[in-house]
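Several structures are given next for inspection.
Each of the next two complexes has chain A plus one more chain, namely chain B in the first and chain C in the second.
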Partner chain A sequence: MTILIETRDVSRAFAVGRGLFAKKRMLHAVNGVSLAVREGEVLAIVGESGCGKSTLAKMLLGLLAPSAGAVLIGGTDARSLARVEIARRVQPVFQDPYSSLNPRRRIADIVALPLEVHRVGASGERRRRAVEMLERVGLPARLAPAYPGQLSGGQRQRVAIARALVMQPEIVICDEPTSALDVSVQSQILNLLMDLQRELGTTLVFISHNLAVVEHIATRVAVMYLGRVVEEAEAGALFGAPQHPYTQALLASALTPEPGLGVPDLGLGPAFPDPLSPPAGCAFHPRCNRRFAPCDAVEPVLQPRAGGRVACHLAGV
Partner chain B sequence: MSLLDVERLTVDLATPQGTLHAVRGVSFAVDRGETLCLVGESGCGKSMTSLALMDLLPKAASRRAVRLSFGGVELGDLSPARMNDLRGNRIAMIFQEPMTALNPAYTIGDQMTEGFRRHKRVGRAQAEARAVDLLGRVGIASARERLGQYPHQLSGGLRQRVMIATALMCGPDLLIADEPTTALDVTIQAQILRLLGELAEEFGLALVLITHDLGVVARIATRVAVMYAGEIVETGAAADLFAAPRHPYTQGLLDCIPVPGRTPRGSRLGAIPGVVPSLVGALKGCAFRSRCRFARPDCETDIPWRVDARGHGARCVLA
Partner chain C sequence: MSDATLEASAAAASPDPRGVALRRVAGHAGLMTGATLLAAIVILSLAAPLIAPHDPYAQDLAKRLAPPIWDARGDWSHPLGTDNLGRDYLSRVLWGGQISLLIGFSVMIISGLIGSTLGLVAGYFGGRIDLVVTFIVTARLALPVVLVALAVVAVASGSLLVVILVLGLLKWDRFAVVMRSATQQVRHLDYVAAARAAGASTARIILREVLPNVAPQLIVVATVEAASAILLEAALSFLGLGVQPPLPSWGLMISEAKAYMFFSFWLIAIPGTALALLVLAINLVGDGLRDTLAPDGRA
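On to the complex of A and B.
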């Protein structure tokens, strides 16, 4: 399959102040990530807060320049592409539909804006396409002149999806698209994303911390921990036989509505590592209950394993 | 009589548009050793219910109840001073966001011991000894040093552990936890939920847990009350309610969630079309009927509460 977008050993660090006079320290939000997104797939990036998944999303969108490594879009380094060119091919849907839509613009104008930016058609034609897109995402045409403030959270997220799709981009990056929504609305948005993905053949990068949702819609999954990909595999393989102890803990911690199972003991220590001073060796070792000799000294690298890749010293044992 | 017995609790909020009936005649009871989960989506009145129990409602809100009894004492009759003696002492609460619930300008030690010293009238040394003991119980290492730290020096998971330890300082009988793990990562959530369960058992607490997450509910509740538009629409033992939900809203909510191994991957998920009705002004009949696929004309009348022999009840004409 064609690779649409790819990161090659990409890193991003931020200088973080610790007070007025203290020296700034570097926070390595993303640290040497190589991932390829193939045409037609739903690649999920999962991990907990601070693992770098949103920073990675911003780099894929061209909103943030990598401090090392490169993002390649269709084989071309994103640095040599114009902003509008990247925007035509890669579009975002963000978590919070309350802050991602301009409250002072009408719904139809919000959806038509990408067409305007890319100078597609005359204004009547743009408006017609915007309304068509609104209907496609399940919003009635009568909402076209409304403002975001008049819409519910689920409706706003539909507007954000319509805006992302109106230029028919190759890839849509969804960063926690349902986390801010109620359960009953969340399922409607997921259904919509699955429908659009099938009908339009759009490639999706789906960033989430909700494992049950990821298992439901992803074709491939990359698990991140403290700025690195620790495991990557086809969804079936990853959920069927997770290799990395962190992936195993993440899967075990997904609480499904099945009474009588109780809350599992993950066997993890309470020490959540500080991204400002990541531990030596494997970043996960202070919480891992299967650590052994090399874990606190040697950093494991991603290696092919069971149809995917995993970065764990146990994988070689 | 149960430790906490609530009968027909209502909370009204004065708004510019009129009176908003946030909680509309909610009844439930909790005993020691039990975990009652109040579950529902945003705006269903679950947080207002918990604030009403604590007498911490916003100024614009008013509370009424036929009965609001805690350990045989009618909370509605208590003076603010007497309520202050109970709050944080015999009834404790944990909030969703530990970063806003903890005061950033005071040390962990100050905040943990303040209520204990006031309620139990003991000195600093004794209060700090208890704080150290409880921090250890909630799994915080080097507890003595933590007392001198400020909230920003702790991670989210640690802050929530501090909140739990603080709530337990006075040895409460009833612990109310409003979305205690929603702001936390999933692996930390599992650890905190296990901890809450263990502590509730060890201290013989009655636990009222408020959440929107049916997964959390299924795993820790003894009893569940599902709320919709300010009402309890279904209640029962967790096992009964999840095995055979009787209200279409509960059924609908469960259909919305993919369950690995049960929901075929990539299949369409259930959905509940429509939106929650406005709670401003009078609401007659079933509040869910505009979104219900089983709705029929008699849903517009007042619907009696129907309960079976196992205490599994629902407010629905079909139940």
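On to the complex of A and C.
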């Protein structure tokens, strides 16, 4: 399968000021991530809040330039591609449908915006295609002249999906597309995404912290921790036999529907490490219950394993 | 997709946001009062050539300082009396309204263009550009308007055009400050990111995505600034720095009447009332628009 978009060792650091006179410090939101997205797959990127998922998504969309490394779109460095060219191939669906639609434009205009920017057809043709796309995502044509304020959260997310798909991009990057929605609407949106992915053959990058959702939709999963990919594998392999202790903890933390079981004890401790001063060696070692000699000194690298890659000293043992 | 259709019918029943805004406007007593008053002043001033009983410059020295009709000695040939040169006061007040409105409107346009451009650019790009714009705004705030006007009039002599340019080129600071902070709030929203991801140009994003969403704040600042420009013109003309005689500016009329205020108080009271009513009307409209268009920005 051809690789549509690829990150080569990308990092992104932000200067964080702490008051007027304190020296600025660098926060490495994403740190040396190499991932390839192949045609037709659904790659899920999971990890807890602050692990760099959204920063990675912004770099894949070309909205944020990497501070090191490169994003390759169709084999070409994104920096040498025009914004319009990237837009034709990669489109986003954001987390919060209440802030991703311009409240002062009509639904049809919002969906037709990419067509307008790319000068596709005359305005009547654009409108027809926008309405067609709205119907495809399950919204009636009579909502076309409405404003976003008149729509529910689920409907708004459908509009955002229609806008992302109207130019028929190769890849759609969904950054937590369901986490701002009611539980009852979440499954509708997920099913819609899966249906559209099958019908249109669009490749999806699906960013989430919800493992139940990921298990439902993904064909391949990458687990991030403090800006690094710690494990990457086919969905079945990852959910069946997680290798990295962090992945194991994540899977164990996914709540089961049985109320008697309560919240599982992961032995992780409550502390999320400070991303401004990440621990030496393996970033996960202070929370890992299986650490041994090299963990606090040597940083593990991603190594191949059955159906994927894992960055853990245990894997080599 | 039946759930979606259900949701849709529920949404379609909820009213159009423009309709909601219109109803809020109509239900706002202050806004309606201000708008009616402002409309009346605008219509009367614009219709001055048609309804003014006399030429505002025609002197009739035999009828100097004639009192208005509510005085026992008043008569209908000069309903608001005459000034110290025997010019019909009603005609001068009507024509003077044109000057006040012209100044308020043009200053609002000039300063609005300068200020909101600077504010939008600073707020959208941030970083160094923001620092530069903030510095320019601070430098501008260090210049007192009346002193600059004094210097300019000393060099270029006072005229309507000079007053408009001085005020227009000086009074953009509030536009810049308000537009900057409003833009900063909007530019981090996802619909701006979505437009960028769709490949839209920066100019397009600022004009089509950001500007419509900061327009309510812009309108509110514009009304406040128009009222303040009208008052400043009156103040400058009163000091002799603004509009020059014999043009009928309300500020100038007050200034010319100050020598007669103990015997013919209406010479000050009439243009003073007109000025107060116009500024009150504009401020009521501005307040009302803030309540109805940008309710979340209410202090």
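One rule holds for everything that comes next: the second predicted complex is superposed on the first by the 316 of 317 C-alpha atoms of A that agree within 3 Å, B and C clash if a C-alpha of one lies under 4 Å from a C-alpha of the other, contacts with A are read in each partner's own complex, and residues count from 1 in each chain.
By definition in this document, contacts are C-beta pairs under 8 Å (C-beta built on N, C-alpha and C of every residue); 3 or more make two chains touch, one makes a residue touch a chain.
This one's a predicted model, so the numbers in the text were calculated from it and none came from an experiment.
Contacts of A:I171 after superposition on the shared chain: neither chain B nor chain C is touched. Within the superposed three-chain model, A:V33 lies out of touch with both chain B and chain C [touch as defined at top]. Looking at the shared chain after the overlay, A:S152 reaches both chain B and chain C. In the superposition on chain A, A:F239 makes contact with chain B only, not with chain C. Of the two partner chains placed by the overlay, only chain B lies in contact with A:L250; chain C stays clear of it.
When the shared chain is aligned, chain B comes close enough to touch A:D182, but chain C does not. When the shared chain is aligned, chain B comes close enough to touch A:S49, but chain C does not. Contacts of A:L193 after superposition on the shared chain: neither chain B nor chain C is touched. Contacts of A:E215 after superposition: chain B is touched, whereas chain C is not reached. Contacts of chain A with chain B, set against its contacts with chain C after fitting on chain A, overlap at residues 152, 188. Chain A makes touch with chain B in their complex at residues 48-49, 152, 182-184, 186-188, 190-191, 194, 209, 211-213, 215-217, 235, 239, 249-250, 252-266, 268, 270-272, 274. Those residues of chain C whose C-beta lies close enough to touch chain A in the complex are 1, 3-5, 7-8, 10-12, 14, 16-17, 189-191, 193-201, 204, 209, 212-213.
The touching residues of chain B, when paired with chain A in their complex, are 41-42, 139-141, 155-158, 161, 185-191, 193-194, 197, 212-221, 238-239, 242-243, 252-260, 263, 265-273, 275. Residues of chain A touching chain C in their complex: 58, 61-63, 82-88, 90-92, 94-96, 99-105, 113-114, 117-118, 138-140, 142-143, 146-147, 149-152, 154-155, 158, 160, 163, 167, 188.
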